[in-house]
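Read through the structures below before going on.
Each of the next two complexes has chain A plus one other chain: chain B in the first, chain C in the second.
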Partner chain A sequence: MKIIGLIIAVLTGILLIYATVDFPPWADPGSPASTYLSPHYIEKTMEETSVPNIVTAVLADYRGFDTMFETTVIFAAGVACFFILRTFKRKEPEEIFYRHTLTGMTIRVKNSGKVRQDLDEFERIDAMWTPHYLIVKTVARLLVPFIQLFGLYVIAHGHHSPGGGFQGGVILGASIILLAISHDMRTALGRMREKTTALLCTTGVLIYAGAGALCLLLGLNFLDYGALASILYTDPVTARSHGILIVEIGVGLAVMSAMIWIYSNVSSGGKYDEGL
Partner chain B sequence: MSQQYPALLVIVPLLSALLISIAGWVNKKLCFPIAVAALSVAALSSVGLLLRVLDEGVVLYRLGGWDPPFGIAYYVDHLNGLILNVVSFVALFNLIAAKKSVEQEFPEKIGPFYTLYVLMVTGLLGIVVTGDAFNLYVLLEIAALTGYGLLAMGEDRAPLSSLNYLYMGTIGACFYLLGVGYLYIVTGSLNMVDIAGILPNLYQSKAVLAALIICMVGVWLKMAFFPLHAWLPNAYTYAPSAASSLIAPLVTKVMIYVMIRLVLTVFTPKYAFDTLVISHSIVWLACIAIVMGAILALAQRNLKKMLTYVIVAEVGYMVGGFWLGNRDGMTGAILHIVNDALMTLCAFLVVSNIVYKVKGHKFEDLKGLFRTMPFTMGAFVVAALSIIGVPPTCGFFSKWYLISGGISAGQYGFVVALLFSSLINVILFFRIIEIAFYEPFGNDHAHTSQPECIKEAPLTMLIPLLIVAVGLVIVGVYTSDIVTHIIQFAIPKGIL
Partner chain C sequence: MIWQLDLAILTLVVIAAIGAITIKDLLGAAILFGSYSFMMCLLWSIMGAVDVAFTEASVGAGVSTVFFVAAVFRTSRRTKD
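After this line comes the complex of A and B, so read on.
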């Protein structure tokens, strides 16, 4: 079987290389890809959408419909992870570990016993707990707000520089995941609960699809941001630029929460109690 | 409003999937009604769209208001107008039938289940309605990703088989994307009609040839065309019944539509059938697929798994029929997409009723079912007759077109394979009918058999099933109308 696989792989490789014979030369300015549609995008983008970054305009406006579904793909990945992994039958682990914060002693409570909740000096810890280093914890906590600020900048600045909803959303998601890694899952969930994450993820896609549907309700085609001009009190071309910002925010929200949602489901095996 | 049908068809299910996701966290009882409403709107829009296509020909919808080669356009003609109706109605009937079994199989995850379900239908509808080669890939991703999730929630080996499907499906989708990439390099466009306009100058290009081959292999992987079918039987057998009865009828058929669309609209029949000489070999591959599907089905001792191998054989029918390259063969292939979707839906709904009551789909579990579940098994007989190809059920007519296409193309191997597979189907289904009819319920306790009473599936599962079973006959009776009013226009005039 392995040899058959190797033969097929080699044959496929030969086919792919054979096809490159008729490709336009490398970086040829006269190639179809750079002479057919690109000149229109390069020359007309500013005039038609008032967005300086052509890539953003193509991504979120000319081919905005694809991008909406790319966002939906990420949403679907989050839902699928949740659907497959999440376990609702709350089975308390046989042993729960607590740490006496003053002395650093660890106590093990067996068979669903409990430590009194009102005692401050005990904190619950994961079974695989290793002492957190003060430096790691503090630096991570200090970094989180700056990471989030940068994420917001990347989302908002997609019009002018490389960036946009996907990149910014990943950065925002990484900030919460960093909190979960440097502290523990319960801390991160305390900041952002599971329900909030799931609803934010849905809201993100809803902002994108809803903006498109709003254009439809205002009498133009789906995702024709020009229709938003009457609501935003601008001319249709500027409205396209604003429309792109709205959907980028939606993408950012959806991507951020999908990242966190997938992380929490995978790292805790769907139990949402302990994990990394 | 009718101007917006193409958008509504995809957008309403998408927005509703999001609403269902929210409802899953707020009030689970709302999930099902929203899903039914969404798919009803989609079904009504697809009917409206087909009527518009019949009236005025091709319908073009420009998303974002951009003109086609610059933006994305929906492009609805007779071919995808018909398939859209099939997809939306099959999804709607199955959704209604699935309510009880969803509540039984995952009571706590109703929200995410319906979200994924409606998203998957969105993906399938989007694949069919689009006129943009890259947009098709994005929707393909949605349909596939949600499909993996739905299939993985089944019994024992389901997660592993779904993972296997994920690997194969991803490779298939990548191949398709690579093919589209090659086309983009040589033409600079992603719009299907636009590519077709540029290609005639490039018929001699090796890159176009490679693009055709890669796209075809990718699509064949996704549709489980015989040597590439290995992921399908396990993935569908162990899946939850509500998911398998959505995915089994639709995914393979939609991929066959994609193949037809690629050849007819993107690469054009002139290139695929005249410039290249590959159609004969593909028909032979299809013959092997039909024969092997039939033989492998014969070896199964499990109803659901047997049906999955029947699907593998049916895929061979449609691929072979299309690549015959004449009008009869193509008519048969397109008609068979409609018929096979309905037949497979009917058969899988029967299985999900049986699973709901008996909790199993092995042959031993079927004993005495004619006495306990007479209506379900009645529908099963109709589906069986249709898959075998007995008039007046619809399966007969598409097979008739396929066989006459095979004869006029001189491809007698294909004709023989079709007849062989029909004979095997007779054995397959009468064996099951025999088990369910003659063998007493619970063989081991034959002496102490308790009085048998009717333990039929609940009405919400039974009524959609019976409608589909009657539909098999109705579609069969109206075949000539479907062919003369719709399918005839779906095939380019140049093909005789």
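After this line comes the complex of A and C, so read on.
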């Protein structure tokens, strides 16, 4: 079986390498893509959308429909993880571990007993993963606001520099994931509840599709942001730039919460209690 | 483009890719896959596709490695085959 798989893989690889012979050479000015499509984007993007970063303009404006379904795919991945992994039956773990913060001793409470909640000296720890690194925790907690600020910058500055909704959303999601890794799942969930995550995920996709549908209502094509000029009180060119920003915010929200959603479902096994 | 740098990174990409599929330790495979993604990110930026490099660095090298590690943490660390 292994040999058959190897033969198939090698044959496919040879076929793919053989197929690249037909490709136009790298950076060939005479290739079909470079003869009329790329020059149009390079020459006309600034006057049509007033966005200096051509990649952002192509992704969110010229190829906006494509990006909308990329966002939908991310959303679908989050929803799929939720439906497959999430368990709703509340079953208290049989043993709960607590750490006495003053002495560092670990105590184990069996048969779903609990330590009194108002005692500050005991903090709950996971059964499978019990490291206690003060430096890692503190540095991660101090880094989180800066990471989030950078994520917002990447989303908002996507018009002028590399970046955009996807990257910024992933960075924003990674900040919460960092909190979950360095502390524990419950700390991260305290910052961002599961309901908030799910709502933000759907809101992001809704903002994107809603912006497109609004253009449709205002009399132009789906996702033709020039139609937003009448409600944004600008000219159609600036409206396209603003439309890209609106759409990027939607993508950022959807991707951020999808990342947190997938991570918390996978790492806690759907129980949202103890996790990496 | 510096061809020596290009060649070195390409070699590392191939090594990381082969290592990721042959290694028995799944956690090691996840880390190798992350380094593969990071090398691909360097290649994208060498070719001038900075946006793609940024996406590769954040999604491929960052978050997907964390997902793999979380999945390994919840399942088993060694492969059966």
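Assume the second predicted complex is superposed on the first by the 274 of 276 C-alpha atoms of A that agree within 3 Å, B and C clash if a C-alpha of one lies under 4 Å from a C-alpha of the other, contacts with A are read in each partner's own complex, and residues count from 1 in each chain.
Going forward, a residue touches a chain if its C-beta (ideal position, glycine included) is under 8 Å from a C-beta of that chain, and two chains touch if they have at least 3 such contacts.
This one's a predicted model, so the numbers in the text were calculated from it and none came from an experiment.
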Chain B versus chain C as contact partner of A:V266, first or second or both or neither: second
Which superposed partner A:F23 touches (first chain B, second chain C, both, neither): first
Partner chain in contact with A:K195 - chain B first, chain C second, else both or neither: first
Touched partner set for A:I181, first chain B, second chain C, both or neither: second
Larger contact residue set on chain A - chain B or chain C: B
Which superposed partner A:V170 touches (first chain B, second chain C, both, neither): second
Chain B versus chain C as contact partner of A:K110, first or second or both or neither: neither
Chain C-contacting residues of chain A that also contact chain B: none
Chain B partner contacts - residues on chain A that touch it in the complex: 15-16, 18-24, 31-38, 40-41, 61-66, 69-70, 72-73, 75-77, 79-84, 86, 88, 195, 198-199, 202, 205-206, 209-210, 212-213, 216, 220-226
Residue numbers on chain B that touch chain A, as the complex places them: 4, 7, 11, 14-15, 18, 21-22, 25, 61-66, 69-72, 108-109, 112-113, 115-116, 119, 122, 126, 134-135, 138-139, 141-142, 145-146, 148-150, 152-153, 159, 178, 182, 184-189, 198, 205-211, 213-214
Chain A partner contacts - residues on chain C that touch it in the complex: 50-51, 53-55, 58-59, 62-63, 66-67, 69-71, 73-74
Residues of chain A touching chain C in the complex: 53, 55-56, 59, 128-129, 154, 162-164, 166-167, 170-171, 173-174, 177, 181, 259, 262-263, 266-267, 269, 275-276
